[in-house]
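Next come two complexes built around subunit A: one with subunit B, the other with subunit C.
Right after this comes the complex of A and B.
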């Protein structure tokens, strides 16, 4: 993908951001060049809870997170593991501050998160369904 | 002393501040700065047994005092992702220490090589994986309780291991199997009412197994270490015993040699499990310390805990215990009347590691925000005679006592 196409995609995303519907399905996406077609819920839990940070073909994954208390992040973890973000943070603080796991890559908003996934074949993240572009591949749909 | 501590503290803060500035300026995904902190207040009602977080603390809390030193700390961490396979981590934890130094404040400093999804290796300073919580017992935000049960964790003075570890992870049967092997050496302090002993261990070899099925997890750990130095109290006692003439104590030299700790093995074992269903969380751990040394008794400890979550609030109860044999001097042919003071000293050293107590705890954790929590906990401890190692005694008062201790902590991550 050329830089121009990437820039147009990001501009389109920025336009869409304001019209993201409340409670619309969240989707887990990867780079379209990633050979993984779909993931199970337990594989997603392993990935985002730092238990086994790899795709089913054992290629290493780079989970991309939204910063802080982003509404989509709160909704994602409630749907995925049924936990409030405070408990997810408590769980991750165990992994991070013992040095057991590398922390995820953090992004300030959905646009930056999508741009990172488009640029990294190993990246995986979650976005509202309306932000999917042809450069992303959906591997799981939550709260359908 | 104060100047040295100030200098070490300044160096650590400067190093971490430089990391923070670098991370912010570069806005680089490869460099992250984070931390954790606890502001903790402790109140207890004992005049004789001073509460302390672990045996490495030379300060304690007595009746009528409100202490902020035992549980307050600040942890700062820098993570540097060097490449897809390599990353480095540095962590410093500022807290009240008996022998403060940059070395003691540094809890993590390692280079990791992630070979693939299954294998990873770390070289440098890592957290000790002796029991379930020993790696993260100071990260108070990470667990529900105001503090990890002293019965199991109060006896461990080590905060890090210098060496290497290798971890193998594998998916299977709907969960993740993990095996970790680690090796290295470590140092810590053990304090009494009037002394601070440096404790060195070497030839640490440990293995840790876990099976994680998300809502339930089991761990089994075993570590073997060799004591690498002779505590000063031991050395003085051995010298005193060897000077006793034969007519007062035949074969006193044989007994004195049996007190030597250097080169003796100590084994740490732990089995633990956790199960979560709906709003309930149950956990339990059994741990055991066994040694070839005559001075260290067999110590069996454990706890079981249950918590219930109601929105941002968690209510919990814990029962914890620790048991060990008490030594009573019973050597044949010894003139105990003449050597009364020496025998008193022998009993003191031989029972130094003897911990015998049970605690019931009730608590409430409130997640004020997603990264800030407060915990209020009441401990009711039934302390047995000659079993108060986990507490600090200002006098020879070693009698049984029932003690109430209250904790109020504010913990956060950032």
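Right after this comes the complex of A and C.
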């Protein structure tokens, strides 16, 4: 049963994603228990581009990323810093030689990503608006 | 080569100008080059900034020290950058020798993700020494090029000047040296200067030569004319019959002709350089000469005077001397003295004088001359006795023996009478057988004595040579005294005549009577004794 519902959910999600790509806004979410209520665009960039590894309240932050060239990831960076993903990757490649390590956690899909956020109080990630659950708290909405 | 020659002068001017212009242009060029190099440097640094700005932005954004150091090191590895630094809110990365100054360029660094968000500043300092070195190098090259250019221009200018100007001029000069002015020689125009200024110069020189030739020809003709004239003048002067002498104001003889020489020879004088002023030593009457000259010169005339020359011979030489004052070109007074020989004329005149005043037969003064003498004496108021004498018995001798015998007798009587008279006394033939004797300053007694003497001389018989016959004559004499008897000359003569006739009258009575005085005759008449 669980498996079935999961499968259905995935199917639905898959279905949904097709429509999300067109115009569904992306939102940045944190664990429901995280005290941060809202983040500015700058704070968001600083967190995702590795400048800061903590929320403004100095709680440690774990950005959650999607693997590879996930469509949502591409859209997210396009929206956030106005860059194609390749340039963002280049940015990180350059930083790698300086010894700076990225604090991000990588997930294969949005389901895993959401699950990780629900499980981690410090986690922060981006999901399509339609996938928001009650366990998640929206701190920023992109391309409104 | 000539030190002040055209080529040397030109070379000096060109080299000097080249050096000055070269120095100025090099300096200017250096300035411009430096400024443009500075601008280029700034541009290069901007490009460098463009190259490093993404990395620098990232470094600033993340305050990533290592990355910032990488950027700074990368920048200072460029020659054009002396030092560099990156500054953010929390980070300062700078190269070793970094020191902020005015010349430091500043570039703002923005967040790689938010272009409007400034995250740091990049400081870059330009390497001025490097720029100066570069400018120096360029300038040196430029200076070298300018120097080479100047050298080439100088050499070409010198060559052109030498071959186009100096050498043709030198050739013309050489040609001029070998030309004899006044001949038909001319200078050849240089082939390459047919229409240039040098060609013009050659033409002008040739024109001048032609003029010189003409003038010389003219002068030659003139000179020959002058020579002819001179020889004629010389001939005229040398062959003049008059002595011509040119003397200066000191009397030194400057010029004389042959006639003058002959005069001197004739005078048996040595030919001297100076005969005193106006040749005065040659004349007997120096005073006359000077007096005439003084008067004539005062009237701006030539002095003409007849003078006798000093002569050690019997022959008298008379000359007409004409002295003319000549002013030389340098205002010296010279005198032209001409001596015309008038001895012959003088002689003729004295001969005429003789004829006019003397009786041709007896050589005694004639009546006219005697009257003149009497006039002179009365004029001078000199007292004298006048004896009027008439021969008795002369007419019969003349009639019997003829006129020649009469003449002979008259000559004899004259000489006898002369013998009895003093030198100061005067004897004249008054006419026919009448004589007048004048005794200046004679007393009555003296007159009586003289008359007695005369009478006795005449009474001696005279032998007529052609007739072998001795004849003797007697004379009747009437005497009157001037001024005692008469002041008026005619009256004086008449009264003497009267006295003489009185004697003739008495002779028939008293044959010894021969003398009567006017005063006695007058007394007789007054006393009516006769």
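For this structure, a couple of remarks:
What we mean here is this: the second predicted complex is superposed on the first by the 120 of 144 C-alpha atoms of A that agree within 3 Å, B and C clash if a C-alpha of one lies under 4 Å from a C-alpha of the other, contacts with A are read in each partner's own complex, and residues count from 1 in each chain.
Methods note: a contact is a pair of C-beta atoms (placed from the backbone, for glycine too) under 8 Å apart; a residue touches a chain by one contact, two chains touch by 3 or more.
In this text, all values refer to a predicted model and were calculated from it rather than measured experimentally.
For the composite obtained by overlaying on subunit A, subunit B and subunit C cannot both be accommodated without a clash.
With both complexes superposed, B is the one of subunit B and subunit C in contact with more subunit A residues. With both structures placed on the common chain, the touch criterion links A:42 to subunit B and to subunit C.
By the touch criterion stated above, A:93 is placed in contact with subunit B alone, subunit C being left untouched. By the document's definition of touching, of the two partners only subunit C reaches A:50; subunit B does not.
Among 24-32, 276-284 or 402-410, the region of subunit B with C-alpha atoms clashing against subunit C is 276-284. Residues 42, 45, 49, 51, 81, 91, 94, 98-100 of subunit A contact both subunit B in one complex and subunit C in the other.
Across the complex, subunit A meets subunit B through its residues 42, 45-46, 49, 51-54, 58-60, 69, 74, 81, 84-87, 89-91, 93-94, 96-100, 102-103, 105-106, 116, 122. Residue ranges on subunit B touching subunit A, taken from their complex, read 29, 32, 34, 36, 75, 77, 79, 81, 84, 87, 89, 91, 108, 110, 112, 114, 116-118, 122, 126-127, 135-136, 139, 141-143, 169, 171, 174, 176, 212, 214, 309, 312, 367, 369-371, 373, 413.
By the touch criterion given at the top, residues 42, 45, 49-51, 80-83, 91, 94-95, 98-100 of subunit A touch subunit C in their complex. Residue ranges of subunit C in contact with subunit A, taken from their complex: 55, 58, 61-64, 66-67, 111-114, 117.
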